[in-house]
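Okay, so chain A shows up in both of these, paired with chain B first and chain C after.
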Partner chain A sequence: MRLLRYTIYRLVQSIPVLIGITLITFILANLAPGDPVQLMLHGQEVDEDLVRTVEERYGLDQPLHERYLNYMAGLVQGDFGHSIHRDRPVRDLMLDRIGPTLLLVLSAYVFAIVTSIPLGILAAKRRNEPADHISRIVALFGVSTPSFWIGIMLIVIFSVTLGVLPSSGLVYPWRTPADTSFFGYLAHFYDVLRHLLLPMIALGTLQMATLMRVERTQMINSLQGEYVKLARAYGVPERRVLRKHAFKPAQLPIITIIGLNLSTALGGAVLIEYVFNINGMGRLLIEAIQELDYQLIMGITIVIGFIFVIGVIITDISYAYIDPRVTYGEEE
Partner chain B sequence: MTEPLLRVENLKTQFFTETGTVRAVDGISFEVNEGEIVGLVGESGAGKSVASMSLMRLIDSPGEIVGGEITYNGETIFGLEEGPDGELREREDMLSPERMRREIRGNEIAVIFQDPMESLNPVFTVGGQLREFIELNRDLEGAAAKEEAIEMLREVGIPDPEERYEEYPHQFSGGMRQRVLIAMALACEPNLIIADEPTTALDVTVEGQILDLVDDLQEKYGTSFIWVTHDLGVVAEICDRVNVMYLGEIVEQAPVDELFYETSHPYTNALLNSMPRPDRTVDELEPIEGMMPEAINPPSGCRFHPRCPDAKEVCTRVHPDPKVVDTVDGDPHRSACLKRDAFDVGYDESPPIDAEPDVVAAAGSGAGGEDDE
Partner chain C sequence: MSIESQSEVGDGSGGGTENQYGWRYTISKVLEDTTARWGLYVVCVVLFISAYTAIDSNLSVITFGRVSDFTFAEALPLLEDPERIPPPGETDGNQPPVFHADGSITHPLGTDPDGRDYLSRIVYGAQVSVSVGIFSTLIGLLGGTIIGAVAGYYGGIVDDILMRSVEIVYAIPPLVLIIVFTVLISGGSPDIQFAIVGVGIAFIPVFARIIRSEVLSVREMDYIEAARASGVKDYNIILRHIIPNSFAPVMVYATLQIGVTILIVAGLSFLGYGAQPPTPDWGEMLRVSHGHMLSNIWLSIWPGLAILITIMGFNLLGDGIQDALDPQIDD
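Let's turn to the complex of A and B:
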């Protein structure tokens, strides 16, 4: 009940943010140099009438605020406009590409969370022992190395030198394999993992390193908390002290950081998609920029902005789920 | 004489830090009998909390109990013996860590901590935490444990315990949280409760209510208490016997009335002088500057001599261990001051030391605003 109300509250609260994202994106895209019609013509000479007809067709002859309202009206119905350059609806172009990006970012997060939390706890428990020092070095490496470089190194080691993992493309888990028997699906799943492994690690290492250090600090603090002292004084077994009493309160900052780092992860995905030749939104964005396809750039920017906002909302809700002190802003 | 519930002999707990060994508790001895409230009094840093945590063997690294003996109800909580190569080792009859956890902590000895704001876990319900401790330390499970938890909340004076059971610590006031902590201690039905400055964080009115509550419950359940505090006013209100600690040592030990009316140690006197009069609000004695370095390297002789108004030359040389100076109804009154006749080291003939003991004067006037006699 409390969480449901909080969810609604956060969703309502995010509406102005979403509108802001579209507005800023729209203005920037339209202020940028380059007349779309001229671009389409690739510098060919044509008569004025044709230009005007094209402008009318795409609504380019109207004043800016009206074009924005039209664009918004389309957005609400899921219409992101038309890519002049590719002559396809922007929505269709993005739908083709969003799956791989989400798969990449989510798997990188899963990788980062699954590895960083146990490692962070271990480092906290073995504070200033060799395990802690090793984790510190790994974290330093992870934080200070660009993800694309890690990606290239992984390719050099595992694809080129050892030849054990593929260096390019993804196999999509949502595609039906040719062989639809149980073993067919098993082989398909294996193939998905093999392709995902390197880009996932390349993109997830930074998150892993950050989260691991925060987890360590948080657990060290939490383990020194009075409530941990109290639990021990009442004979709570050490394992439960660690996993329950110290662990849960320590996770709050972790959740916040996961949410905020989503922007870094989405940005990193662009490069990783390029390095690993993955047909995701990131590559689409780079292509669109090269082609000066403003309609497409706008669509992708807005979608990425929305993904980020949704990510932050999910983070906030998980935070409220763990921390009972979060209120909805209007109560008390 | 019957065996006391708890006997502490020559307990030493030290912290091994980079700057040196901190002798936080340096050879204290005291007893707690069944059904009595024993005070452990001193300024912050005197080693009271370390002493009380040592009793449950809850000293975190770099701290360690290095010597002495703790006996609880016939069981050895801590004890050392000499090994074959002259090395000190833990005695065989000393309770294992597992037995300490299962049989002593919570079941037999429970604690109430100083800070009710920090002691409850913010992300679990009050009832859930209480119930967990009950399930661990009593033969109650599930619904029965919950029922007992609610019953205890009612017992410590929390209104609507059924609803409050489901609430989180941040929904409770400081006084109410302290009641929850008291409920936790009582719910485990221990024979001894260590209350570590449980009212320090509360305002005076709430403090009074809590003290009354403890008084009532103590009478009803017959539980023994070790009451750790810096506040002699609280001691006067609830304690039966008192131990005054200074720099890791017990300097005076007496039944409460005797301590107040037949004060024997100059440090106790200084504490008393800093006490507020009934018409004044509670004030703390000024803390000692650089406390921990001093515990690394405490003053020679009597540790109180740099602050003692009665200090003489002999005090800087001879270290007094507490000696019996009087006996009241079979209870000894011990004091660790060379002025007392029990120490025959020539205090009276010893020349005074030159240094002005201005620190104590500052402490006395700063706290209570009283004139020197």
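Let's turn to the complex of A and C:
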């Protein structure tokens, strides 16, 4: 009941932000110089009437605020408009591409979480010992290296020099393999992992570095907590203190950071998709920009913004689920 | 969390002389920290290089159109004009670096596919990165300070409207927002100045948030009350009392932010929406060398290392300042 109320509260609270995202994107797209119809014509001379017909067809003859309201009306029904350049609904174009991006971002997170939490705990436990210094250096490199450059270097090492991992594309786990036997699926799964490994590491390194530093600080604070002192005084073994008493309270800030970092991860996905030739939303955005396809640019920006907002809401809710002290924000 | 504790340091000092002491104390604490000192060295070297190359490339302008006989590049004979593409036959393209069997000392890092000296391009590339980092951070700082201070000082509906609209900008991932902004504002022909403005605007929200939370505590101080009672105008209160007293934590953030902006603009240039050829820029160089990855891998390594070292310098320095200002972290 408490969680349900909190969920509804967060969803309602996010509506103005979601509307704001569409507004900003719409203004940006319409601020851009260049008339869409002229862009379509590639500078050819045509009949005035034809231009007017096309403008009417896409609603370009209406004033800006009416166009925005029309766009919003479509958006509510899941209609992102029509890509003039590709002559396909924007929604269909995005549906084709959203899977790889989500797969990439989620796997990068899995990589980041699986590596950062043990390393962060180790650094906290062995504070100011060599293990701690090494983890600090790794974190420093992680936050200072451009993700796309890590990607390029990984390709050079593992694809070009060693030739053990593919350098481009993804194999999608949701596609049925040609061989539908058990071993066929196993081989398919192996193929998925092989293709995912390098882009996952390239995108996940920054997340790993930031999470590791937060985990370390949190664990250090947690290990100095009264409850840990009490547990130690009772003679609870040190391993158990670490795993049972110190670990859980330290994880709460991590959840928030994960949600907020989704912003950098989604942005980074654009670069990683470009480096690894992955047909995701990021590449679609770059293609749309090259084609100056405003409808498509708008659609992608809005969807990426929405994914981020929803991601933050999900992390907030899981935070509230884990920490019963979280209120509905009414005291704020 | 840490910001609040920094504010205690910042406005606890109160008077002008004590504040000065505070800054001096901070600087000496930063210099005590070995890693922060190294960060400072790196930042100083990068700043020096970019100032040097900026003066060098503008020298002919300074001497009123006369082609000057002396350039700094002559004083440092290894450097060449980073933008001039040598005519065919003069220099080979794609030369390996000096420690390679086919390398030569005239081009210590080799040459790019057009035959330009790569060391010169890397060195001149510092200019672009540093100006991007500093100018876009300044734009974010200025916009964020104004919005955050006004929102925090007036509160109520002004606060709500300003902070909500700022949060909306924050909700679009920066890189995506910056790409879209840069390309659309420039009408499809992006360049570095659009990128700088785009990055600056995208980072207004974070600065606004930090300033606002500081202002909320400064606003309650007695001296603000005193200023208001003696009839000082609102904008004077904000400009002379509120902003100077809530600035310290933002400065820490700004130092760290310079690294982030350099990182983002490198990505932007890598995609082709930042600096345009023939400008020597690390991100742009990585974009070009991406196509020559198989024939000459060194071209992809040097600019990446340059970005890595620069950002690391800013990060170490920023961390050092943060530690010096925040006594709670005792590492």
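Criterion: the second predicted complex is superposed on the first by the 329 of 332 C-alpha atoms of A that agree within 3 Å, B and C clash if a C-alpha of one lies under 4 Å from a C-alpha of the other, contacts with A are read in each partner's own complex, and residues count from 1 in each chain.
Throughout what follows, a residue touches a chain if its C-beta (ideal position, glycine included) is under 8 Å from a C-beta of that chain, and two chains touch if they have at least 3 such contacts.
Here the structure is a predicted model, which is why all the values come from computation and not from measurement.
Student: According to the stated criteria, A:Gly204 is in contact with first (chain B), second (chain C), both, or neither; which is it?
Tutor: The answer is neither, since A:Gly204 touches no partner chain.
Student: Check whether A:Gly81 is in contact with chain B, with chain C, with both or with neither, and answer first, second, both or neither.
Tutor: neither
Student: I want to verify the contact counts: of chain B and chain C, which reaches more residues of chain A?
Tutor: C
Student: Check whether A:Met153 is in contact with chain B, with chain C, with both or with neither, and answer first, second, both or neither.
Tutor: Second partner only, chain C.
Student: Identify the partner contact of A:Leu285: answer first if only chain B is touched, second if only chain C is, both if each is, neither if none is.
Tutor: The second partner, chain C, only.
Student: Give one of first, second, both or neither to describe whether A:Ile297 is in contact with chain B, with chain C, with both, or with none.
Tutor: second
Student: Going by the contact rule set out at the top, does A:Pro166 touch chain B (first), chain C (second), both, or neither?
Tutor: neither
Student: Look at A:Gly142 in the shared chain and tell me whether it touches chain B only, chain C only, both, or neither; answer first, second, both or neither.
Tutor: neither
Student: Of all the chain A residues, which ones make contact with chain B and with chain C?
Tutor: The answer is that chain A has no such residue.
Student: Sort out for me which residues of chain C touch chain A in the complex.
Tutor: Within the complex, chain C contacts chain A at residues 164-165, 167-177, 179-181, 183-185, 187-188, 259, 263-264, 266-267, 270-271, 273, 283, 286, 290, 293-294, 297, 300-301, 304, 307-308, 311-312, 315-316, 329, 331.
Student: Okay, in this complex, where on chain A does chain B touch?
Tutor: Spelled out, the residues of chain A in touch with chain B are 225-227, 229-237, 245, 248-249, 322-325.
Student: Can you check the complex and tell me which residues of chain A touch chain C?
Tutor: Within the complex, chain A touches chain C at residues 16-17, 20-21, 23-25, 28-29, 31-34, 128, 140-141, 143-149, 152-153, 155-156, 160, 217, 262-264, 266-268, 270-271, 274-275, 285-286, 289, 292, 297, 300-301, 304-305, 308-309.
Student: Along chain B, where are the residues that touch chain A in the complex?
Tutor: The contact residues of chain B facing chain A are 56, 58, 101-102, 104-107, 110-111, 113, 115, 118-125, 132-133, 136-137, 168, 170, 181, 184, 188.
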